[in-house]
Structures are given as structure tokens and as C-alpha cells.
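Two complexes, one shared chain (subunit A), two partners (subunit B, subunit C).
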Partner chain A sequence: MHKRKEQLAPYLFLAPGFLLFTLVMLYPIVRAFQISLYQWAIVPGTASKYLGLHNYLRALHDPIFWRGLENTGFYMAVTVPAQIVLGMLVAVLLDGKMPARAAYRTLYYLPVVTSWVVASLLFRYLFIGQGGLVNSVLHTNLNWLGQRWTAMLVISILGIWKGIGWSMVIFLAALQGVPRELHEAAAVDGAGAWRRFRAISLPAIKPVVVFVAILLVIGGFNVFISVFLITNGGPLDETQVLLTYMYRQAFSFLDFGYGSAISFMLTLIVFTLSLVQLRVFRRPAGTA
Partner chain B sequence: MVVGSVARARTVLGARLLVLTLGLAIVIVPFVYMLATSFKPNSLVLEIPPKFFPDQPTTKNYVDAWTSNQFSRYFLNSVIVALATTFAAVFLSSMMAYAFARFRFPARKLLFGLLMLGLMVPTMMLLIPQFLLAKQLGLLDSLLGLIVFYTGGNLALNTFLLRSFFQDIPPELEEAMVVDGAGPWSRYRKLILPLSRPALATVSIFTFLASWDEFVWALTIINDPNRRTLPIAIALFQGEHSTSWGLVFAASAIAVVPVILIFVTFQRQFVSGLATGALKA
Partner chain C sequence: MHHRNSIALFVIAALAAATAATASARVETTHTTTITFWDAYSSDGPEVQKLEKVIIPGFEKTHPGIQVKDVTIPYDSLHQKLVTAVAGGQLPDLVRSDIIWVPELANLGVLQPLDKAMPDFGKWKARVFPGPLATNYWKGHYYGLPLDTNTRIYVYNPAALEAIGASSPPKTFAQLSSMSAQAKAKGYYLYAESGTSCWNVCPWIWSNGGAITNKTYTKATGYLNGPKSVAAVQMLVNLYKAGQMPSIVVDSNAGVGTYDGINQDKYVSMLDGPWSFAIFGAAFPKVHLAGSQIPAGPGGSKSVVGGEDIVLTKASKNKAAALQFLRFMLGYGSQAQMALAGQMPVLKTSAKWLTRVHPYYSTYLKQIGTAQPRTPTPKWPQIDQVFVTQIAKAFQGSETVGQALTEAAHQIDGFLK
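Then we have the complex of A and B:
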């Protein structure tokens, strides 16, 4: 009697949460692929038409899909290195004894906890062409948000501004795992700060750097809210990224099949990266 | 020699502080400008050239946002959704975490693997099938639709974080309770939960903030203006009144200030939870 209770217990503890998880997460994962194979009928009572892989082929011949991929790539090329370098710089400066360390860390982290919606509107306002703060400070008269690359640049700057605090916190935690004695010994031998960083800190935290890089690339593929609220893919689809294009196909044109195909391709890419990350980082060095 | 190195250490510290402070200024300026704009009279938010601080600050934007633009209602909606989600998600995931941390059973690995799938899948990928599901379930255009899907979406990360915390609780404590005849439920209630307050606080804060700030799902399923949460209210408001930036930023401040207060108050749990979560993933 007692033993049976102990055997049943884990299932009873799991049941409510896992049922909900299955309903709203697992089932939609399966459905996402299924929907992408159809010309999905949104009107009740009409049949969806099976298309096979047509929606995927359509994407490969869709210039705006490719442009979205390009813009997503641009966003990653700008934001990933910048977040790593700047986050590392702040982490290194904050590592070790210094006054007001916690206060600096908190303030650098503030953009991370600020909502994407508020941050996006704020950057849109800062980069307004006529009467925007940035133009006025730089003495320029650029129509930042009206052209493809300057608009993508603004969106990328927002991504960097919002992301530095996150990479900084991870790097700082990793740096604190580097034995201080190594630094002291190297300092006695006359190694400067840069050499100590290159020869001691960086090799020790390299796995964490790669880990952060992979997560940032995944995050880059998922860029959506900032683009949606700053340019909404415009002008004329010039600044579409994969997810804004997916959202438009699904919820403006009600083409759920095509939207699903786009997001499924994105998921395959992200998934591959996640698996690589799991393989390499079962347990990164420098953590308990 | 010793004097020289002290002086050198001081110079280095000074340089570090200088660079950190300059960087911080750039990070903080947008916030300050947002607050400054929220206190400007509406006719002045797009002056040319722009002034950073208003000459005659006014709280009119805050009063207008709160009273004539229904932001009090949106604030209340956000509070209801975030609190209900936090309660449900932390409760359900702490139970799952207990099962994974303290029991050996067939299918344990498989179920945990499926749960981790939820961490890897981009939430945006699920948007279309979740929308169709919510439609079938009659959950479109309702706060319940937000709560149910936010709860489901937060389970994987919470369970993952809580499981690793529960595993670190010494098993001897639980064995002692078993000897005294305590069943699984009372061990979970009277031992695991009370000992895990810091971890529960961390996941509660994460869940609360995630649902407080959530935008895309709310934008997709909410049509009725009375059921808007703050993020969609702010975004749509900006779209509807494209020049009322003072009002937009007053509303933004109303939404952001609670988040910043929570973060500053609990920042230790926050940062450590984030770092362990990320490094252990």
C-alpha cells in the first residue's frame, strides 16, 4: 500500500503540469509542421488543401524571404560581436575589487529588464528624422528609419543596447571562477593587463564565450518585436526579417500554411544550433 | 617601489571607473530622455531642435494616460494576468521539478527530454498553431487565454531551474521524514517548498516579468480594447496617436517602473538565477 503510493507519486506530481505542457507546447510543435504542408483554410467548414512541400519551395523562390534572411543575417553580424566585445569589456572592468560595483552592474543590466515594446518605441523616437535627438546631437539630417540599411542599423543598435547587460552578467560570473592566484603570479612576472587577459582569463572562459555566442545567434534569428514596432518591415518590405515576414503572411494575409513553413525553417536552423550547444556544453568549464 | 605601485593601482582604478561611467551614461541616456519627454507638454515633444529637458515640466501626460486613456484598466489587466500566471506556473513546475529531482521512474528521461524541447523551440514558431488551438478552445480575446498559454510557456524553464535546486537539498532530510511516515505530498509541502524559498522567489520574478512584458501573444489573440494588457496598449496607442509621444512615454513609465523596482529589490536572486540558469543549460 505504502509502496504503491510512492510509485504513483511522481506521475501524480507531473500530471497537471505535463498535461498543460502537452496541450499548449508539444501539440503545437507537431501541428506547426503539419500546417506548413497545407494551404490552410481559416474559414470553418472549408477543407484545407494538401500541398506537400510547396510552401517551402515557394519560400525559396520568394525574394522577400531571401531579403528577410539577409536582414536577419545583418542583424546578427552587427549585434553578436558587439554584444560579446562590449559585454566582455564591461565585465572585465567590473571584475575585481572596486567601489560601487553592484550599482554599476545593476544599471548596466537595466535595459535587459526593460520591455522590448518600450525600448522599441523609445529608439524609434530617438531616431526620428525631423526633431529626433540623435540627428540633433550628430548634426545630421538623416531619415534613419526610411531606408533599409540605416533602419536595420537602428534596430541593431537597439539590440546591442538591450543585450550588453546580459552577456556582461554571464561573463562576470565566469571571470569570477578564474583563480586569482594565476593573475597575481603573472603580474609579479611583469605581465600587463592585456596579456593577462589574453593568456589567463580568455582561455579559461572560452567555453562560456562560445556558449554566449550561440545563444546570441539564436536570439538574433528570433528578432521580431523591435522590427515590428520600429519599421514593421517597411518601407516596401525593405526591412523585413524572417519573423516579421512570417507574422505578416499569417496574420495579415491569413496564409497560415506559408507562415508556418517560414517559421519551421527558422526553427530547424535554431534547433541545430541548440543541439550543437547542448553537445558542446553539457557542463561548461568554470561552473560548479 | 611600493609607493609607485599604489599610485599605479589608483590610476588604473580611475581609468576603469572613467570608462565604466562613460559607457553607463550612454546606456542610461535613453531612459532619462524617455522620462524627460513624459513630462513635456504635448506640443513640445517634437520641437526642432529638440530640448532634452522641458522648461515647464507637467504631469498632465500621466494624468491623461491614467484617466482618459484607460491605462488604469490595462494596468489592472496586466496585474491579473501576471499574478495568475506566476502562481499557476510556479505551482505546477515546482511539482514537476520535485518528481524529476527526487523520484526514479520509467520514462523519467523521456519526459524530461520532452520538457527541454520546450526550452529549445522558439516561441514564435508556435504562434500559428497556438492561435488555432486557442481559437478551438474559445480562448481568443480573453485574459484566460493569456494566462493559460503564458503558464504553459513558462513551465519548462521553471521546472529546469527548480529541479537543479531541489537536487541540492540533502536527501537525508527527506529520508528522516519517510521514516516518520510522511507521504510524498507532505514532504513536498513541508520540506521541499519551505527550503526552496530563494529559488521559488527567483522563478516567480522571472515568470512575473515575462508575463508582464509579453507582447506578441497578447497582440495576436486580443482584439477587445477592454482586454488589452499594458504592452499592447502602449504599442497600439503609439500607432493610433503617432504624435502623442509624451503620453506614450508616460504610459511606458507606468509600465516600466514596477519592473525596475522589482528588479532592483530582488536583483541578487535575479542575477544569480540568470547566471546559473544560463551556465547550466
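Then we have the complex of A and C:
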């Protein structure tokens, strides 16, 4: 009897979290999959037409879906490494002794707590073609947001600027857990700062780097607000990302079936990528 | 200005008195009923102020027991919000809906046909202009009543017009083209357009004698890509390619918007609705806008019908009270208050007093006489997206105007089936 209770205890502790997960994650995912198989009638109580995998095939033959996937991939590929490298750099700098350290930490973290809406609109005005501040300062006349790759670059820069603080805080916490004695011993042996970072700090915080990388990849694939507010996928759908395209299908065209298919495919991609990342980084050090 | 205001105030006072006298069938209840009203009235100008400070308090005073909770939503978000509310079964009692969404909402089956719900529907139907009324009609029933109507006219800054050396706004397509070159030489853009949706380009297509679809709205091929439609868009594309039209027509991020551009003395003119005068009055009082008819082509001067309808949802639990407010919004007092804020009334009798509220309304009244509706169909959002994308291609030069419009017509045919 006593043993049975002990066995039950962990589940009881897990239950509230799992219930919440089921309610706000699992149920919507299952429901989205269900909707994606239909020509979904949005009014409750009306019949929807079953389409099977039609919405998925439609996406595979939709050039804008592929462009959205490319753009999403571009955003992820640019913002994830940049946030890790720059976040690490700032964390290492702020880990050392320096005057006004707390003030700098706050400053670097400030963009993280700034509203996406406010930052996106500000970036839009900074990079606007005629009369934008950036063109005025650089003495250029570039239509930053009117061309696919420059627009994606601007959106990526916003993502990096806004994200550095978050990875910095996590790296900083991890770095502070690295024993000082190791650094001191290595310094006595004549190792320079870079060598100490590579040989001591980096291996010690590797699990944290993996964790940050996975979360950033997931976040990168979910880019939405900045694109929605800065270009809204335009001009000519050149800067569509998966979520803005999904949003238009669902909320402008009431095509919730197709929209759900797109978002479900995004879920699958992110899930697969996270699994691969975990597998790759789980290998013991030295075998990679 | 003072003189004009005092006339306007007199008109309003007289009309408000008339409304109070005709206010009928008050709801006699001891408890308070709250009805919710969603709208996209502009808070840049005086519209929201009029609604919240004048109209709703006026209604609540004359209709004890009913409270109106208005929820003002930015226009760009209202459609999404309505869709979400439909799916969640959370629609409000009343919605001030853009006329182009009414067929879509009616088709979803979430609106109460007013010709069934209002015993006095016939009376109200007879009071409003037939054009705006028609935008409420879908498959045999009227799903709403018009609340305000509008159209776009040629709105310009007379000071800038003088600066480019012109004495009057362009009256024809030919004058628009020649004056655009003249403006460029002086460092101005004569005409700025902020997009390639139907709202933006259809006035030019219709004025050139072109069309979007056939009369029964079943086919676009042969109409949208007909020679007259193509020539109209070609004229705009030529202006753009000659550097005489700002690139915000293809990409809103390429430069400053029409209002800012006119305020900053970069653009001379735009096509816009009556709210622009109210918004400039509040935001850019140094610019004194003037209006004239859209430059005429071989088809005349034909603009696009805009406006809002007021619709009652099936989900409303307080239909009687909601209809009281609906009637109040169509009353002379409310209509005149909103006229002061830049919203054109829909009452037939308003033609008599509207130009005394603001002189610019006379240009709008004339323009709306020949204005055309956009295709009434539940698929309008998709069709308008075709306009946006395909015509932008013609501007960017990745397709000729003929190619772009032929593809557009082909896609639109698919939505009209």
C-alpha cells in the first residue's frame, strides 16, 4: 500500500502541468490536424466537407507556401547563429568585472521586454524607403522593405536585436556556474582568454547552448508579428513567412482548412528539427 | 469657418429635435439591457468622439434601460475579429460592417435578415439611398441597413497645385498625365495612390469605360482584361514608370503615405473619402484641402462606392433593444452628427442639408451619383487580393498590364463560380 502511494506520487505532481499542456497544446494540435482535413465551415454547428489530404497536397503545389518556407528558413538561419554568437559575446563581456555592469545587463535585456508591436513599427519607420532614417543617415535611396532579401534582412536584424538579451541572460547564468578555480589554474598555466573560453567555459555550458539553440530554432520558425506589421508578406508575397501566409488563408479568406494544414506542417518541421538537434548534440563530446 | 460652424450647429440642433420627437416605441423595462456594438470608427478624426460623447449618451437618455457598449476596432483588424467571433460564437449584437463584408457574413448565416426582424423595415428602406441599400441584399433578403456611404473624389492641396504652376485640378486623363510631368519638374508628385486594390484602381478602370465583370457578376475574363480596362491601368503604370507617381502604389513601405506626403508638401493630390477633410482638419490644420471630380476618361468620371452597413447578428440576445439603437443610428440626429465628423449620411433627405454641414460634400454627392459598386460576393477578400497582387506585377514590370489583368481575370472567374 505504502509502495503504491509512492509510485503514484510523481504522477500527481505531473498532473497539473500535463493537464495544462493537454488543454493549451495537445488539444489545439489535434484539433488543427482535424480541421486541416476539411473544407472547414467556421460557423459552429454547420457541416464541413471532408477533403482528406487535399489541403496538404495543395500546399506542396503552392509556390507561395514554398517561398514562405524559404523565407522562414532564411530568418531562422540568420537569427539563430547571430543570437547565439552575439549573446555569448555580450555574456562573456558582462561576466567579467567592469563598472556599471548591472546597468549594461539591463540595457542589453531591454529589447527583450520591449513590445514586438512597438519595435516592429519603429523598424518599419526606420527602414521606410523615402524619408526613412536609415536611408537618410546612409545617404542611400534603397527600398529596403520593397525587395525580398533586404526586407528579410531588416526583419532578421530586428529579431537579432530583440533576441540577444534573452540568450545573454541564459548564457550569463550558465557562465556564472563555471568554477573560477579552473580559470585561475588555466591562467597560471599560461592560457589566454580565448583559450580559456574554448577549453573551460564552452564545454561547461554546452548543454545550455544546446537548449538555447533549440528554443531559438523553434522561435525562428514561429516568426510572425514582425513580418505581419512590417511588410505583411508584401510586396507581391515576396516576404511571406509560413505564419503570415497561414494567417491570411484563415482570417482573410476564411479558409481554415488550408490555414490549419500550413500550420500543422510547420509544427511537423519544427518537431523534426528539434528531435534532430537533440540527437546530434546528445553525442558525447569528442565523437562529433 | 465660424459662420459655417454656426450654420452646421443650427442644422444639427433642428435635426436632433426632430429625432427626439419621432423617437418611437421606447423599451419600457426596469432592468438595464446592455447591447454591444462593434465598429471601426476612426479615432484620428472626430468620429469616435461623436459616437461616445454625443450619440450614445443621447440614445441612453432617450431609451432608459438600454446601455450601449461600443467597441471600436481599427479597420484593418475588424475583419479578422469578426471571423474569430463567428468561429467562437461571440459576435456582438450590432456591427458596423464595411459594405464589402456583408455578403460574406450573410453567406456564413450569422446575420439576422432585417426585412424579417424589423416590422418597420419598409419605412427605413424607403428613407435611405437605393445604392447603399443594395449592398445589404444577399440571396433574397436584406441583411442590414446602410449606415454611411462614401466615395473617393480627387482631393488636392491647392497651395501645392499653385506651386506646380497649375490653376485648376486635372479634369481629364490627358490633363492628369501632362500635369504629372509638370509636377515632377517642380519636385512634386501630382497624384499619389497607396495601393493596387480595387478601391485604388477601379475608379480609373470605370472612368475609362472598362469593367471588372459582366453585369451579373459571373465573369471577369473579357471585362477586367478588356482593352479599356487595360488602357486605364496602363495609364497609371506609365505615370509610375516615368517617375511621376510615388512607389507607395506598389509597396506602402517605399515612402510616406498619402496624408503625410501631402502634409509634407511632396504630393499634390490623392483620391479619398470625406473623412480625409475631417482628419486633416484635426491632424494637419495648416493644409486646407479642396476636392474635385475624379479626372474623366472616355467613360466619364466614375468613382467607387464605399461605406458601412449596420447589421444585427443572429446571436444577439437583445434584438429588440439592438434594433432600437440601429434605428437611432439611422435617425436624423445621429446621421447629422456623423456628417460633421466626415461620414456621409444615407438618408435621402440629407441631400437638402448636407452641403450646409460642409461645402465639400457637394463634390461627393455629385461623384456618388455615378459611382460603381465592387462585385458583391462572399469571395470579395480573395478577389481583392488578386487585384493587389496582379496589378502590382504590372507596376513592377514583371508582367505587362495585359498579361497581369488576363491572369487576374482568370483567377477571379474561379471565385465567381
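Before moving on, here are some points about what is shown:
To be clear about the criterion, the second predicted complex is superposed on the first by the 240 of 288 C-alpha atoms of A that agree within 3 Å, B and C clash if a C-alpha of one lies under 4 Å from a C-alpha of the other, contacts with A are read in each partner's own complex, and residues count from 1 in each chain.
Here, a contact is a pair of C-beta atoms (placed from the backbone, for glycine too) under 8 Å apart; a residue touches a chain by one contact, two chains touch by 3 or more.
These figures come from a predicted structure and were not determined experimentally.
By the touch criterion stated above, A:Thr46 is placed in contact with subunit C alone, subunit B being left untouched. Number of subunit A residues touched is higher for B, counting subunit B against subunit C.
In the superposition on chain A, A:Ser252 makes contact with subunit C only, while subunit B stays out of contact range.
Of the two partner chains, subunit C is the only one touched by A:Leu145; subunit B is not.
Of the two partner chains placed around the shared chain by superposition, neither subunit B nor subunit C is touched by A:Asp189. With both structures placed on the common chain, the touch criterion links A:Leu20 to subunit B but leaves subunit C unconnected.
When the two complexes are overlaid on their common chain A, residue A:Gly129 makes contact with subunit C while staying clear of subunit B.
Using the contact criterion defined above for the overlaid structures, shared-chain residue A:Glu181 touches neither subunit B nor subunit C, since it reaches no partner. In the superposition on chain A, the residues of subunit A contacting both subunit B and subunit C are 128, 130-131, 250-251, 256. Touching subunit B in their complex are the following residues of subunit A: 5-7, 9-11, 13-14, 16-18, 20-21, 23-29, 31-32, 35, 86, 89-90, 93-94, 98-99, 102, 104-111, 113-119, 121-123, 125-126, 128, 130-133, 136, 161, 164-166, 169-170, 173-174, 193, 208, 211, 215, 218, 221-222, 224-225, 229, 243, 246-247, 250-251, 256, 259-260, 263-264, 266-267, 270-271, 274, 277, 281, 283-284, 286-287.
Subunit C meets subunit A in the complex at residues 79-80, 83-84, 86-87, 89, 104, 108-110, 246-247, 250-256, 264, 266, 381-382, 385, 388-389, 392-393, 396, 398.
Those residues of subunit B that touch subunit A in the complex are listed here as 12-13, 16-17, 19-20, 23-24, 27-28, 30-31, 33-34, 37, 46-50, 52, 92-93, 95-96, 98-100, 103, 105, 108, 111, 114-115, 117-118, 120-122, 124-133, 148-149, 151-153, 155-156, 159, 183-185, 188, 209, 212-213, 215-216, 220, 231, 234-235, 238, 245, 248-249, 252, 255-256, 259-260, 263-264, 267, 271, 274-276, 278-281. Of all the residues in subunit A, the ones that touch subunit C in their complex are 42-44, 46, 124, 127-131, 143-146, 151, 230-231, 234-237, 248, 250-254, 256.
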